[in-house]
Amino acid sequence: MSPELERFPRNILVCERSNFLNEKSRHGIHVSKHYFNYKVSIFIPECGILPAGLSSVIKSFNSYFLVQKLPVYKLIEEVFLDEVVKKGGFYALSHKTRIDEDNTIAFLPSGQMILSLDKDTYEQLGLEGKPSLYNHRNARRYVVTVDFTDKSMTVGGKRYQRVLLGLKERVPLTCDFLLSRYSTGTDEDGALQGLLSQYSFEVIRPAQYSQTLRIVPCPTLHPSDLQGKAGSCDPHQFLEWLGSVNMGIRCDNSASDFLSTYVCPEPQDSMSQALLYTITGFLIPEDIQSLLQELQRYFDEPKFSPWLSLTVHGFVDSPVSWGTMEHGFLSSGENFYNFVCFKNQDYWLHMATGALDGCPP
Amino acid sequence: MSVFMDLNISYTTDRKRLQAMIETAAHLGYSTVAINYTVEFQQKKQEIPRPKSVTELFEKLPIVQGKSSPIKVVNRLTVVTADAAHFRPTAEYKSFDLVAVYPKTEKLFHTACMTFDVDIICIATTEKQPFHFKRSPVNGAIERGVFFEICYTPAIRDSTMRKYTIANALCLMEICKGKNVILSSAAEKVLELRGPYDIANLGLVFGLSEGDAKAAVSTNCRSVLLHGETRTTAFGIIHTVKKVQPTTKQTDEAEAPASKKTKTENI
Amino acid sequence: MEEPATFERHVYKNASVYHYMKMSLILEDESKRLIAAEFKQLIVSGLRDLYGEIGAAIPFDLLTFDESTKTAILRVYNSGLVKLWSAITLIGSCQNELCAVRVTQVSPFLLALCGNSRETELD
Amino acid sequence: MVRFKSRYLLCELCVSERNSLQLLEERVIYHAVRAAVNRAHGDYGSAVCNIGFSVKYVNAHTGVVLLRCRKGHYRLIWSALPFITGIESRGQRVQCFLNCLHVGGTIRTCQKFLVRYSTRQLHRMLLHCTSEAERREVRKAVMSFSLKKRREDGEEEEEEEEEDDGCGAGVDT
């Protein structure tokens, strides 16, 4: 009728299927490359309380720091850079900055700094970057990637000085930051603590929330049928159902109902109960990695449920989704992934990103 | 992309209501709003209101939703006019950060596009545009960096006005191809304000493309503010470089002598 | 027991047939209650006003409606998204009273609606 | 100067009572279509109708109606046409419906189509004729404009006589 009103933003979903025991399986890489995670939710069918193993893994999740009004250059000063950023395992994401409006800064554990800047800041800063994917007509946003592990970026070098000077004097960017560091056991947080002590900050524990659901209709899943071609539901239907469970959406409707016609995809089973456990915060991939490993062990003992699921949501305002791949907002900014783990160590992995983002790896 | 702005919040003497509107705008995620004072010339004698200083309104400006910075409030004057003589850029105009004109006739629309020293030209939303948009004035305005404004509040209030708003907007888009358009509320009540993403989507109904629609509530508004700044700083010849701090109010006042010199050139 | 899976990868582009919207209704009189059917009716009449009878026939599902917070989750076919959204934006009154429906999130994945980092405060 | 691309909808107004066609006027058709679009597509449809929509030509004898609208909007307007069930004119309500025959980018293509269409219609009428006199009439009509067509070669001024002036005027605008 009016085609311009029937368009909609693009969406991309990547589905993979493999086995955890498969040597070439890339599940570890996918988890560790999704740097900024906001929420993890575990869904275990036919389970009432969180198994002890899982609960202790969740307890050991890293705390994170929320620092207020931290100048960005502080994070790239010589000592801090050498002691923390370049050592790896350091995550930082600017907080209360919106990827489609403000300057957003992220530090990746790989020793890279990502600056997603509006045009004014970009021009004043004078660092080399590339136009964002989310531009329209004229470039209004640029992404600057600085790799501090690069040889030409050695501390004291010309290029390093340029970055430092730019952020210290030309454009003294300051914002709230979420920081987290994967501690390897040895106490090397001296530099981090030293920095934090100069600003107002708080240490936050990830928040947990547990919920037991009763009598849930659920689609029957066959590990071999990822695409849903052999009669089970397709990935979108499955994710929709998982979302409905997460948000307590009723699915006892019929096609003629006025309010909603949503039904659980066929063929379906009914589970007597299910556990929904969520953790929110600034969660680092290493923790999720260990959680996933623990989940794999869940089926070591015989269980009623043939599968369980792990969903990880990224920060919508993160400048990257996986690795250094640009992420933006447009109208929703989703970037999440979901594992469905089966008894035989097979898994499905669903990965989704925002409208103009690149395809997940 | 830049922050979201709503460059038209109707001024009201009801201080509480005005405060509530600005608070709601901040809550909805607008980082900058303009309080709009409208003057309509019935007689020759015109009286231009003095804009209220923002500090009078708020001791502490509300924080924008999801951010740590407070909302920025600027003042704007809209001159509704059917006669070129009514638009006289006097010193009083200079006390506003933004100046808009709402031309009622085709001739005036042409002059407004081509010569008037304004930042915004309003498009009729409460009545059928009494003339057709022509390419040359519209292109002239685009070249001069003047923006066209479409307000959405009338479309919320009333079905007839909604038809006019959509029709006039579609007419404009046929000519300007989505360039130099801003969408703003012209809200008089809290419940007439809508969120920036909602408005970006509404822009599609007004004939804008997805990118243009989002620009119409963000980037383009920023250009309008910059245009307004160059107007007060003598056509941008004199430009004071400010550190990015929300204390623009004082610097603007300090610049007043510089702009006075060029006042005569406006005519 | 099935054989361990061999690697398999599929990319779905625009395969989600729906979009999901999260929104809340703001009424002038905050104490006023509304039931789910009334809320859906409000949106349908909004669609009818802006897009006529053909618009009112755009199918959408009201997946949830929380009467205390007046928040709702809607599901709509992709092709109806812009129309539904704009109609919702232009809803200005509900049962002869001023109102506004504020859309908080729109996504092609329902799952994404429960993990919006913009919504909750971490501290 | 770039001109706005238009679409022309060539429609046939079907009535049960042929005499009632005499009540047709451009204004009446215009309002009927506007009302139908408003009902089917709401305020948005109405607004779209405000731009570049007009009734170009109405033939009160044959019931042929030519509507013009912007290229981008023709589907919207077209989709509302089936919902027209009657037309209000001079205080009388005429039961009718609009049958869209052709959608063209110019008036010229619509005319060409109309010629072909009318010829076909006359041929069909020929089969249904009962008396010899009637048959002669129709045959004459067919001959008259097919001859004319050959003579003027491409100058589409034919159709049943009434058509000529109306369509000719349409081309000028």
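A few notes on this one:
In order of appearance the chains are A, B, C and D, and numbering begins at 1 in each one.
FYI, contacts are C-beta pairs under 8 Å (C-beta built on N, C-alpha and C of every residue); 3 or more make two chains touch, one makes a residue touch a chain.
By chain, UniProt protein names: A = Ribonuclease P protein subunit p40; B = Ribonuclease P protein subunit p30; C = Ribonuclease P protein subunit p14; D = Ribonuclease P/MRP protein subunit POP5.
Bear in mind that the values here come from a model prediction, so they are computed numbers and not experimental data.
Each of B-C and C-D has its own count of C-beta contacts, and the greater count is at B-C.
Chain C has the Cα centre that lies closest to the mean of all protein Cα atoms in view.
Annotation: 31 Å between the Cα-based centres of chain B and chain C. Between chain C and chain D the centroid-to-centroid distance comes to 43 Å (mean Cα coordinates, whole Å).
Averaged C-alpha coordinates give centres for chain A and chain B that are 39 Å from one another. Chain A and chain C, compared by their mean Cα positions, are separated by 24 Å. Across the assembly, chain B contributes 66, 159, 162, 197, 201, 204-205 as residues in contact with two or more other chains.
Residues of chain A found to touch two or more other chains are 1, 4-5, 7, 9, 98, 331.
Taken residue by residue, chain D touches two or more other chains at 41, 43-44, 48, 79, whereas all remaining positions touch fewer.
In terms of inter-chain touching, the protein chains here all touch one another pairwise. Across the complex, chain A meets chain D through its residues 1-2, 4.
Residue ranges of chain A in contact with chain C, taken from their complex: 1, 5-19, 21-22, 24-25, 38-39, 41, 66, 95, 98, 178, 202, 204, 223-224, 226-227, 234-236, 239-240, 242-244, 246-250, 258-262, 280-282, 311, 313-317, 331-332, 334, 336, 338, 344-347, 352, 359.
Considering their complex, residues 37-45, 79 of chain D touch chain C. Interface residues of chain C facing chain A in the complex, by the touch rule stated above, are 1-2, 4-20, 36-37, 40, 54, 59, 61-65, 73, 75, 78-83, 86, 105-118, 120, 122-123.
Considering their complex, residues 28, 66, 152, 155-157, 159, 162, 189, 191-195, 197-199, 201-202, 204-205 of chain B touch chain C.
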